[in-house]
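In this document, chain identifiers A, B, C, D and E correspond to the written order of the chains, with residue numbering beginning at 1 in each.
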C-alpha cells in the first residue's frame, strides 16, 4: 500500500484536484440552475410549472452515467467538441440541479405563509418578497439538505471516470489496473474521498444544529 | 437510423428486459432490507443510547461519505477476507443495503426530529413509555413526513444498481453493454433505451409516492 | 375610503362572505367582532387584496379591487396590515424590518428612512431593540414592531387582525396603548378585528358584528355598548366572551 | 399528594426554579399564576417528570422524583396533564386518542376501554366526534378531547398548563366548564396554570403566584381575591391582566 | 489467506472442474450470446479444450465473467482459478500474478477514420493529439511509450471508445488488432492503419505459488497446439475477420 502512495501520488493528487474542481463548478452551476427551476415549479402559471417539473423529473429519474455518456458521446456528433471533464461536469450539474430544485422548492414551501403575507401587506411585490424575505429564509432551511446534496455531488463526480475526466476514481482505476493491487488502491481512493466529504458532513451537522 | 432498428430487435429488447428484471429484483430486495435496517439505525441514532449511538453514527458517516462504487468493491472483494464469499447477486444486495441503510438512517433520524416534541410529551404525560410513544405516535407520523425523502433515496437506489455492472451483476446496464458488445453501433440506441427504461421505473416510483402521500393523509 | 357593494367571497364552493355592504370613511376607527369562522379575517384580507373577491364591488382608496386590471401593489402602499402572529421578517433585524419596504417600494432616501424608523421605534417604546432579531423579542414587543413597520409606509389606512390574541395577558396593554395612540392622535382609518371590548369601548367609532359570513350589526359604539346589541346572535356572543 | 422541598431546577446555567416549597393535598384545586417566564410551566412539568429537577426533594403520590431509580412511568399513570397546545396524537382519531394509553399501559380490556371512552366523550360533550381526526376539530374541541384522554387513565391528579390560552374567546367557557365539573364532582387533585381569574375565583381552593422562579404568594382563594394580594408584584400583575 | 495455501490443481482434479475468469463483453474472445445466455469466443473454446485436456472428458469448465477491474481480486480471493481474459503478459503484472506462456500473440494497432492524416503511431506523437483506449488494457500503457507527447483517454469498453472516436473525441483508437478489425468491419468508414507496433502476448494468469497448476496449463496448451486444436479454433474465430491475417498466428 505504501508503495502505491510513494509511486502514484502524482496521478492521485491530480485526480483529487479534478474531483474537487468538478465538484465546485457543478455545485455553483447546479445551485443556480436548481433555484431557477424551483422558482418555475412554484410559479402561478400552469405551463411554467409544467416546464419546471418536466425538467426535474427527467433529470432525476435517469442514471447520471447515462446523462454524462450522452453529453460525452452524442453532443460532439451534432453540436460541439467537448472534453470528458466538461461533459461529466455538465452532466453532473444538470443531474444535481434537479435534486437541488426539489430541495429549494421544499425550502420555500417550509417558510411559513405569514412571511409572504406580511411582505405583501407591507407593500412589497411578489418578486420583492421572494428576493428579500422568502428566498433568504428558504436557503437557511435548506442548508443541511443542500449540504447532503453537495456530499452526494462529490461522490457522484466519480462518474467522470467513465468519460475519461481524469478524476480521482479514473486515476484509481488506472492505478488498480496497472499495479493489480486493487484493494489497496481503492482503499486509498476511499480515504481521499473521505478527506473531502467527512469534514463537509460534520460541518453540515454543526450548521444544522446551529440553525435549528 | 438503421442502427436503431437493428439494435431494437426483439431478441435484444428481450435481453434488456431480462436485465431490467434483475435490476428490479435487486432494487426491491435492497429497498426492503435497507428500509428495515436503516429505520433501526436511525432510531438508535435518535435515541442517544450511550456509546452505541455514537458508534453507529460514526459508521453511518463513514459509509455515507464514500462513493457507492467503492462500497461495492469493498463488499464483494473485502468480505472474502473475513471468510464470507458471497455470490454476485447477494453481494450486490448486501452492498446496496449497507450503503442505502446509512442514507435511510439519516432520513429516519431527521424525520423523527421533524415531529413536534409536543406529540412525545403528550404521550409521555398520558402514561406511555418512551418506546411506546415512539412506536405508536411519533414514528407513524414521521414516516409520512419522510416519505418524499425516502422515495428520492429509493429512486437513487434503483439508478445506483447500475454501478454493480462493475462486478458483473447481470442487471440492465450490464445487459446493455453485452448488446453493444456485439456491435459498437448499438451503443447510442442502448443508452437511449437505458434512459427510457430507468425513467419509467423511477418515475413510477415517484408517482407511487405521490399516491401514498395523498392517501396516507 | 373603503366601500363594499354586495361583495361575495368564496373558498372553492364555500361561501365565506355574503352580500357585504359596508362603507368606512377616512379617519374612522371601526372594530369588527364575531365568532370564530364568521368571516372577519376574510373580510379584512380582501381590503388589501390578500384574498380575491368573487362578485360585487370593493373600492379602496379610489381603486376598484374587483377589477383584475387594478394593481394591488398600489393599494397596499396605502393600506397597512397587522397580523395576529406578527409576521415579522425572521431574517432581518428590527430596524431592517421597518426600513425594508420604504426602501424598496417607496425608494425613500436611506437617511430619512432610518430617521423615521427610529422615531417610530421611539413611539412604540422599543428604541433599544433596533438591532435585535425578531426571535429575541417577546410577543408583545413583536407586535409593536409590526405596527411600527406598517406605519413606516405612511399608510392612509391600517387593518388589524386580532393583534393581541396571541399575546400573554400582561403584554396586551402595551400593544393596545400604541393602537389607541394612533387612533386618537392621527387621522388614520383603522379597521380592527379584536375581542378586547375595553379597547372597542374606548376608541371605536363603530362596532360591526359578523356571523356566518354576513354583517349582522353595524352600530355606533354608544349604541352597541349602551343599549344592548339589537340581534340575539350578538347578545349571545357578547355574553360568551365577557370576562375572557 | 405532591410535596416540594427546597426544589431547584436549572436549564443549563439558568436557574428556573428557586427554593420551591409547596404541598398540595389530595383533592385540592390549586391555581398557579404569574408573569410569562416566571416558571409556572417548569414547576408543573417537574411534577410528572417531564423536566428533571437538580436539587431538593419532590414527592408525588409517594414516589420521590429526585431519586434516579424512581420509574417515572409509574407516576405518570396517576398524574395526567393537559397542555396549552393540546398535543393530541395527530395520527389517531378521537376515540383512539382516548383509548391508546389505557390499552397499552393499563391493559384495560377493549370493551371496557371503549365504554369508558364513550362515557368520557359524552361528559365533555363530544360523543358525535368519536371518529374525527384531530385536524378536523376546533381548538376548544381538541382541548376537551385532551381532557377526556387524561381522564381515561383514571388519574389521581391532573395538571393543566394554560389550557385555554390558545383558544378563541367564545370556546373558552366550554373547556372551563368541563374543568369545573371535574373539580366539583370528583375527588381529583388539580393544579392549574391559567389567567382565567373567574375560574380561579369560582373553583380554586388556593392561588399561588410565582415570579422569577420563586413562589411569591400562596394564599387561600378568599384571601387572594378578597383582600388584595400581599405583595406589590402580585398586585401589579393582577392590575395588568384584569380585563383581558 | 487459505486460498494461497491450497494446491489449486489438486483441488480442481478432485472436483473435476476448473473455474475460469473470462470476458463476457468482448467480441471474438468472450461474449455472451444473448439468445442462449452462453459465453462464446476463442478464449471460451480454448479454455474448454484445456479443461478436457487436463481433467479428462468428464472435466467441466466453469466460467465467471470478469472485467479488468475485478479479474485480479477474484483470482486472489479464490473465486476463480485462472484468468483468460485478453490479459497481456507484462513484467509489472508478473509481480502480482504468474502467467503461463502466451496463448495468443496479439499485436497492437490503430483504428482511424478513412482519409485521416494519421498513418502510424509516429503521426500521433505530437502535442494535441488524442489517442483513445480502453482502461485496464496494456495497450494504453504502450502508447505512452511510443507516442509520449499524445494525450490518452481511457474509456470503459470498446464500444464507448469506438463511439468516442466517431464523435471525434480522439484522433485514433488503439488496442489489439483482432478487436480493431472487428470494429472496422462494423464501421465501414474506419480502417486499421500502421501495422502492429507492439506484440501483445496474452497469457493465462494464476495465483503466485501455484507452479503445478501453471505447469499443467502450459502442458495442456502445448498439447492443443500440437494436435491442431489450437489452429482449428483460430480459424473458427478469426478466419472471417477481414484484414486479420490469421495464417501468421498459426502454431
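Descriptive notes on the structure:
Quick note on the criterion: contacts are C-beta pairs under 8 Å (C-beta built on N, C-alpha and C of every residue); 3 or more make two chains touch, one makes a residue touch a chain.
Chain by chain, the UniProt names read as follows: A, B = Amino acid ABC transporter permease; C, D = Amino acid ABC transporter ATP-binding protein.
Computed from a prediction, not measured in an experiment: that's the story for all the values here.
Between the contact lists of chain A and chain C, the overlap is empty. Within the contact network of the assembly, the step distance from chain A to chain D comes to 2.
For the pairs A-E and A-B, the count of C-beta pairs in contact is higher at A-B. Relative to chain D, the chain whose mean Cα position lies farthest away is E.
Centroid to centroid, with C-alpha atoms defining each point, chain A and chain B lie 19 Å apart. Centroids built from CA atoms put chain D at 46 Å from chain B. Centroid to centroid, with C-alpha atoms defining each point, chain B and chain E lie 36 Å apart. Taking the mean of the C-alpha atoms as each chain's centre, chain B and chain C sit 52 Å apart.
With touch defined as above, residues shared between interfaces to two or more other chains in chain E number as follows: 69-70, 73, 160, 163.
Residue positions of chain A with contacts to 2 or more other chains are 69, 73-74, 182-183. Screening every pair of chains for touch gives A-B, A-C, A-E, B-D, B-E, C-D.
Within the complex, the chain B residues that touch chain A are 61-62, 64-70, 73-74, 77-78, 106, 110, 148, 152, 155, 159-160, 162-163, 173, 187-188, 191, 194-195, 198-199, 202-203, 206. Across the complex, chain B is touched by residues 57-58, 60-67, 69-70, 73-74, 99, 102, 106, 144, 148, 151, 155-156, 158, 169, 182-183, 186, 189-190, 193-194, 197-198, 200-202 of chain A.
Those residues of chain D lying in contact with chain C across their complex are 35-36, 138, 164-165, 168-173, 195-196, 198, 237, 240-241, 243-244.
Listing the residues of chain E that touch chain A in their complex gives 68-70, 72-73, 92-93, 95-97, 135-136, 141, 153-156, 160, 163-164, 166-169. Every residue of chain B that touches chain E in the complex is listed here, in rising order: 11-12, 15, 73, 76-77, 80-81, 85, 166-168, 175, 177-188.
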